[in-house]
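Notes to accompany the following structure.
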Amino acid sequence: METLLPLAILLVVTLLLCAAILIVTQVLGPKNPVPSRLESYECGIKPESGSHVPFKSSFYLIAVLFLLFDVEAAFFLPWALVYRDSLAEGPALLWALLVYLGLMAVGLFYILQKKILKLN
Amino acid sequence: MTALDFVIAALKAIVILVAVIQVVPVMIYVERKVAALIQDRPGPNRVGPFGLLQPVADALKFLLKEDPIPLYTHRLLYTLAPFLSLIPACLVIAALPIADKAILFGKEITVQIADLDVSLIYVLAIGSLGVYGILFGGWASNNKFSLIGALRSASQMVSYELPLGLAAVGAVMIFGTFSLREMVVQQDGTLLGVLPNWGIFYQPIGFLIFLIASFAETNRLPFDLPESEAELVAGFHTEYGSMKFATFFMAEYMNLATMSGLMTVIYFGGWHLPWVTDAQLLEWVGSQNVLCLIQVFTYIFKVSVFMFLYVLIRWTLPRFRFDQLLALSWGSLIPIGLLNIVVSAVLMYFLGGK
Amino acid sequence: MKEAVFTFFSLFTLLTAAGVILSRNVIYSAFNLVLCFFGLATLYLLWGATFISMIQILIYAGAIVVLFVFVVMLLNFEKPTEQKTRLPIIILASAGVWTLALILLRVLSKSLGEIPVLETTTRASVRTVSKLLFSQYLWPFEVLTVFLLALIVGIFVLARPEGEEAK
């Protein structure tokens, strides 16, 4: 709790800063809305359709793969933490790593080989 | 907890936050001057001596501009998005140990906002939240360029978060801790008598991965695809103007400072001067507070070197294509990161301990 | 003080969780979900479970919701489609909710007395978790990895990129 107090204060100060930025621009900036200024930007022509159109699914694959590998990478962290101290007790953790990493490498190799991430 | 504790905590948070925000004007000036130098033109030189007041003029201009909310946008998310970038950028600095400790009001004060025992993961975790500002901003703008920019940017940021994490794992293995402060403390002294006892000499590959990934995480050239002004107008902030636009940039520069700080702390000994241990230095200067001041300046110097590197590289290298970018992360950095972990683990096993 | 902060973040978490369900627009649901996970992480932090707290942000808020937002942005169902709620769905959903509620009740009633509420844990806590994970729970952990590998293959089979139809 002692260490969390400055963190909480930082959060509050940050939120105040954000509020200040919002309010100051509202107060200082001129307000003079011209219809053409409020249109969404398009290269020289009138916007054709809404921007929210279905999109390439490759982006979805990136997100899913990121999620899976992020979970796998997150397991490395606790492992790395205790690895140095565990060396005194033999290579048990080294073997655990090699098995784990072997499986992860198979997955990575699979997606690379299938060229899932080949865009365009 | 006394009132004094509270005041100290508040001061720490506010002073360090304000200090880090000062990175923004300094970087605006440096970036423009270096750009001018490289492109053989004078750069800002009208406002104040050597154009030094240019950032002030820029800031005032941002504040004094109209702040329109375009029609067809999703107003709430559109307004919130810049702050969704800024808030994580402000929060991550809490974990960076700037210097050891000072003694004020008869109390030992660590020059770090929060000394969490998981500060390394804290930086990675909170840093990963920065992607929402871009994602929501691009979506809420209701503009095709913004949406494409946001999607590209988010894919880039998530793809490079993995190598960043894997590089960090290497460092955690060496130091056996998640605490950035303990990492710095362990980097005191010399290695084999000649080299500074810094992380880079234990994890050179890890450092390179970290450096490259940090460029992508902060959306800097050669990884500035989210903006890529030649292709996507301005990427996810096409529809943003005035201070909202500036807020995105504040966040970007603060992230730059954080990444530089993180590299300093993990790989370059943090607040330590090379070849001198803290104990020796304390003997020479005789006062903990003076020592603390030296440490702060050492830290700032090291961070500045990295920031300058970012600026130099921005004006040196061309931009990647999007598929090259993904191939670099998934095809090279992540496998190398994994290999780095295995090699380090095996080496540590045979060399015993370190 | 501690209790006040804890109550604040508990309420924050609950409110944003309600926001996830009640938002008309899916993007706002995702936005609320981020806030909800953030609130949860602060609760863990207040309990002293720093590692879990950070993983909560790193994985849930930083990766899973990114996936949600990607899906929403790619599919772009901006207007909520009017759907008639059919009776079987209602029955199935309520059965699920009630099962979950009963399990929760059972777990809570068994362990409520043992939860160390607001107890500051020592610095060793992360280390303890890690040691347990790689000794006592090593096998479940490795099995989990195989499971993740299966997921990677499964995803590719399900979401094959265009032009790579089954040959």
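In this document, chain identifiers A, B and C correspond to the written order of the chains, with residue numbering beginning at 1 in each.
FYI, contacts are C-beta pairs under 8 Å (C-beta built on N, C-alpha and C of every residue); 3 or more make two chains touch, one makes a residue touch a chain.
The structure presented is a predicted model; accordingly, all values stated were derived computationally and were not measured.
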Core chain by centroid distance, with centroids computed from Cα atoms only: A
Selected interface, A-B versus B-C, where C-beta contact pairs are more numerous: A-B
Rounded Å distance between subunit A and subunit B, as computed from the means of their C-alpha atoms: 15
Whole-Å gap separating subunit B and subunit C, where each centre is the average of the chain's CA atoms: 28
Touching two or more other chains - residue numbers and ranges from subunit A: 4, 50, 52-53, 55, 59, 62-63, 65-66, 70, 74, 81-82, 104, 111, 118
Residue numbers of subunit B (touch at least two other chains): 1, 116, 121, 139, 147, 151, 154, 158, 161, 178
Two or more partner chains touched - positions in subunit C: 51, 55, 58, 62-63, 66, 70, 73-74, 126
List of subunit B residues in touch with subunit C within their complex: 1, 74, 76-77, 80, 116-118, 121-122, 124-126, 128-129, 131-132, 135-136, 139-140, 147, 150-151, 154, 158, 161, 178
Of subunit A, residues touching subunit B in the complex: 2-7, 9-11, 13-15, 17-18, 21-22, 24-26, 28-33, 37-43, 47, 50-53, 55, 59, 62-63, 65-66, 69-70, 73-74, 76-77, 80-85, 87, 91, 94, 97-98, 101, 104-105, 108, 111-112, 117-120
Residues of subunit C that touch subunit A when the two form their complex: 2, 5, 45-46, 51, 55, 58-59, 62-64, 66-67, 70-71, 73-76, 78, 120, 126-127, 129-131, 133-134, 138, 141-142, 145-146, 148-149, 151-153, 155-156, 159, 161-162
Touch list for subunit B against partner subunit A, complex: 1, 5-6, 9-10, 12-14, 17, 62-73, 79, 83, 86-87, 90-91, 94, 113-116, 121, 139, 141-147, 151, 154-155, 158-159, 161-162, 165-166, 168-170, 172-178, 233, 238-239, 242-244, 247, 322-323, 326-327, 330-331, 334-335, 338, 341-342, 345-346, 348-349, 352-354
Residues of subunit A touching subunit C in the complex: 1, 4, 8, 50, 52-68, 70-72, 74-75, 78-79, 81-82, 86, 93, 96, 99-100, 103-104, 106-107, 110-111, 114, 116, 118
